[in-house]
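Input: structures, listed below.
Note that chain A is present in both complexes that follow, paired respectively with chain B and with chain C.
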Partner chain A sequence: MDSVTNKAEQLREKIAQTEKELQNLRRQLNELESPIQNLDVDQGHSSTSTTKQPGEASSPKWKWPLREEEYSRYGRQLILPTVGIKGQLRLKSTAVLIVGAGGLGCPAAAYLAGAGVGTLGVVDGDIVETSNLHRQIAHSTSRVGMMKVDSLVEYCQGLNPNVTYVPHREHLTPQNAEGIVSKYDLVLDCTDHPTSRYLISDICVLLQKPLVSASALRTDGQLIVLNNPAAAQGAANGGPCYRCVFPKPPPADSVVSCGEGGVLGPVVGVMGVLQALEAIKLIAGGIGKAAGSDPKEPVAPSLLLFSATSTTPFRSLRMRSRRPNCFACSAGSTLTLKELGSGSLDYVQFCGVTTPVNVLKPEERISATEYKDILAGKSHKGLLFDVREKEHFDIASIPGAVNVPFSILQRHGRPTVGYLTPEHLSDTIPAEAPIYVVCRVGNDSQIVTRRLKEMGLDGNGERDIRDIKGGMLAWKHEVDRTLPFT
Partner chain B sequence: MGAVPKPPEGHFSVLYFASASSFTSKESETLPAPLPLRKLFDTLEEKYNGIRDKILNSCLVTINLNYVDVPEPDDESSQAVIKEGDEVAIIPPVSSG
Partner chain C sequence: MSTIQAAEKPPEDIEIPKPELSIVVEFTGGLEMLFSDQRRHPLSIPVTNKEGNPLTIADLIEHLCNHTMKDTRKELFVLDDHLRPGILVLINDADWELEGEEAYEIQAGDNILFVSTLHGG
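Let's turn to the complex of A and B:
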């Protein structure tokens, strides 16, 4: 008890001291801020005027292009040849749009705000979640549930209040894209899906805005400056667009999000920081001033590949110039602002839609609750294959489950019984013992169940093979609420 | 990905990035050279059933860090050949962030 009262006493003393100090500082500030008034009062008393104009000594006319505070704020970058006063003024007069306030957008926005761009717009319709925080560094634990846009703007505001921040609390759509993007000089694609990547690229081609595009997943990242210079459709001296580099979207069922595939914070951070760097280089150097000396020479940018686990973590690849038959930026392109804005271009359709897998009959499936009852019952429990990747399995699994990662099955392509024996189907298990299959949310488990049957493991109906509906997520909801779901 | 070893005599190396690496469970390997570029996808499809539709059709390909257009398999007019010692990279788009 004594030590507690002691501590409290010490704290009270400290507070009193600090308050005194604060008062002192306020008084000093007041004195500093009111010399003009004092001078005026003095002048009033003396009728004999001097040659000195009121206030001249303390606030001479400011004749420099940046404000006084800006010289100290940007001093470290101002003295670099890459920026210089010219580059800083260009930054100050430039409006940058960041689409996506996530793992890429947070660091990119922070460095652009810090560097002193004039206007920073942020587009995102999502809210901050706890699972974002390991990589989306501008958000915070106390801002979970807040709009990402507002959280990011608040962070940047604290960093540099000189910038004008424009929050767009919505996702970019074909309908709102022109209205939003047209107000900016440069766009950063910090989104997380092929549909938005093609949409952003298309609107940037149509509005002739350069685009700094980056992406990251697991331990890999990609960075490319597109549409630079941002020449009109069909102009040979324009830089390639996203469609020139990736004309065909990946199949929808192969697109993995950070939520499903995982991502390491610094990997996406590196890519976002590099985006800000490319943007600063582009702006300070003068947007529209072609990087190549000969403006007629087609521009071939480079794609930077980052592989965190490689001994060669960075690879720079020389890309192609504009694709002569590009859907968006070629001379023959029929893409127009009107067409895009009308929504007749269906980006979701173009990138493909994933529908929940539904390949099993109801009698080929059981619910999580039914499986719990089997485990508790006296009949043969059979085998449970957990087809999630090993990392998921290692975090939490159903007692008795055997891990057979889906990727291994997928890799074998043609069904082979080989990889399942002898480890997974030991001879001690009777041939009629049922096999159950569980995955994360109940899609892969159906495919595996179907394939096991094709492999003849059901012994022409002798053996029951079923999947658990809704996977581990259903197990969490119906059976074990403590299960950490990843 | 570890340091990519120099391919043995009569071979070229292939690097697999992102989902291509997940699909093949490899970061790199070596294949016999020379190989007409138009045959590249066929060769890989033979080794990895399904890789063409899932990965190759939407990826970009470089040879020795330079972008290449991969011709259709039946395009006899294509003269492009992957030579001994070349480094081919299979780069699928990464779209997350």
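Let's turn to the complex of A and C:
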């Protein structure tokens, strides 16, 4: 078994290394190809549009502000009052930054590229994974392992080569934020964590950039346009920033990621598309001279909620204006570019870090391998409670496991033994038969084990109750490699 | 008003039925999981709190914890006697900060929406 594990480890390392090389090659190819591609397009137009060779001027001089191809490309939006030729020229002269090339960033970038913004920058330090593809539609199966930024730029390049694409192959940090964000007129927050959301908001306040922020989880989404108008710190007419709406970050333990909570592709897609829409409205209407400059039509900040499963899927809520004592955008704020860039603001610390659950003593836990031996042995196998949610359990489970979802245990209010009988503790099982608890990665199982003991299910030590260390993930690694892990 | 106050000060404040307000409380952004996976809760709540004052959002939050929430994870809703950071309250579709926050006095027919912020993307 050990040699197999070693071999597997070696292979995994080799794959990782090869993927890295592949990624590097792709990047080189991408860099090599993009100027050629742009050149091709320009040449394709030179015969009919702006750049005329001297002496070739048999047709009258092109006197329109957009190139001929652009009139066909943008014609369907050009004729809308919301855009018009003025709006299209504004789009063409605007640089938009998308932070996060994931489920929100992919559709947002695609629509902004399609609409013809002048420059589209993308920031992300991650690589494309297979688990991204159901929602991050600009990536593709063949580009798994490639930098997300490069994959997204490649997709957008194919959609509209007229746009200047700027890949930033790194995560946004306090140190690089000013250098990156200052080159753009508008920012889209397409990230997935409070730390980046506070950082992006702060830099947008300091550099006076409007911010279109969206998020999604499971079947819900939220959208809010912040810092619009993007007035200076302390200016009363400025729109609220992320800190005005959420002055305190949520406790780290309450933050659920798409990886843990799941997310439906079209839900995050809808939110990303809406971000592109808000951006286009802002740009075409003229950033800075948006509705805010007209005293009759002040910008009323609003939060859009989307609930895919609700009878009213869209709901718009009136939000507060700037918070007079806001840490970032108020008159009294001490936040400066220098302070932010120095890294003295610790966003990770500010948002808190989750600590792994550690409520059981070592002797109250067993390893996956030990449990496998118990299953193979002659003594009573006892009961195995799988406390993952039903959806996880239905995908794959350990033979003989009984599904008792953690959420149901939590929801049950005061813990009672009664809840666990008779289905879970049938009379045919001796009172001293052990109970084992398994979850996804070994956190919830500890809490449940502790709870079962508090409920008195251990019969004052008569019955052994333990959890399986590392949960189903450990079971996959140590015992059954075929287990599909979610 | 006087009848309400009279009803509010019974000798023993249990047997006499108190006047109640009909409101709708909604949860979204994942908070519904703490409330029996149900987004919309039409509720009848007491007109006044323990002290006999008009019921505020703060009182409503306490009421929800004690009577509506079956989940044991109270800390995902309330932290240090206040709403947990990262939860927005909307009173009739407007940010509660436009309405006086925890001190807002609940009116019959109000729609109170609790939204947990999402971070995924």
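Convention: the second predicted complex is superposed on the first by the 411 of 486 C-alpha atoms of A that agree within 3 Å, B and C clash if a C-alpha of one lies under 4 Å from a C-alpha of the other, contacts with A are read in each partner's own complex, and residues count from 1 in each chain.
As a convention for this text, a residue touches a chain if its C-beta (ideal position, glycine included) is under 8 Å from a C-beta of that chain, and two chains touch if they have at least 3 such contacts.
Since this is a predicted model, take the numbers as computed values, not measurements.
**Q** Answer with clash or fit: chain B and chain C placed together on chain A by superposition.
**A** Chain B/chain C on chain A - steric clash.
**Q** Tell me which partner A:470 touches in the superposition: chain B (first), chain C (second), both or neither.
**A** In the superposition, A:470 touches no partner, neither chain B nor chain C.
**Q** Applying the document's definition of touch, where does A:121 land relative to chain B and chain C: first, second, both, or neither?
**A** neither
**Q** Based on the superposed arrangement, let me know which partner A:312 touches: chain B (first), chain C (second), both, or neither?
**A** Touch partner of A:312: chain B, not chain C.
**Q** A:221 contacts which: chain B (first), chain C (second), both, neither?
**A** The answer is both, since A:221 touches chain B and chain C.
**Q** Kindly classify A:100 by the partners it touches after superposition: chain B alone (first), chain C alone (second), both, or neither?
**A** So A:100 meets both chain B and chain C here.
**Q** Quick check for you: in the superposed arrangement, does A:174 touch first (chain B), second (chain C), both or neither?
**A** Neither partner.
**Q** Which parts of chain A are touched by chain B and by chain C alike?
**A** The answer is residues 100, 102-105, 190-194, 197, 214-218, 220-222, 245-246, 248-251, 254-258, 261, 263, 268, 271, 303, 305, 307, 310, 315-320, 407, 410-411, 413-414 of chain A.
**Q** Where on chain B does chain A make contact in their complex?
**A** The touching residues are 1-4, 17-19, 22-25, 27, 48-50, 53-55, 57-60, 62, 65-67, 69, 89, 91-97.
**Q** Tell me, which parts of chain A touch chain B in their complex?
**A** Result: residues 100, 102-105, 190-194, 197, 214-218, 220-222, 245-246, 248-251, 254-258, 261, 263, 268, 271-272, 300, 303, 305, 307, 309-312, 315-320, 407, 410-411, 413-414 of chain A touch chain B.
**Q** Which residues of chain C touch chain A in the complex?
**A** Of all residues in chain C, those touching chain A are 28-30, 33, 36, 39, 70-73, 75-76, 79, 84-88, 90, 93-95, 97-98, 113, 115-121.
**Q** Which chain A residues qualify as touching chain C in the complex?
**A** 100, 102-105, 189-194, 197, 214-218, 220-222, 245-251, 254-258, 261, 263, 268, 271, 303, 305, 307, 310, 315-320, 407, 410-415
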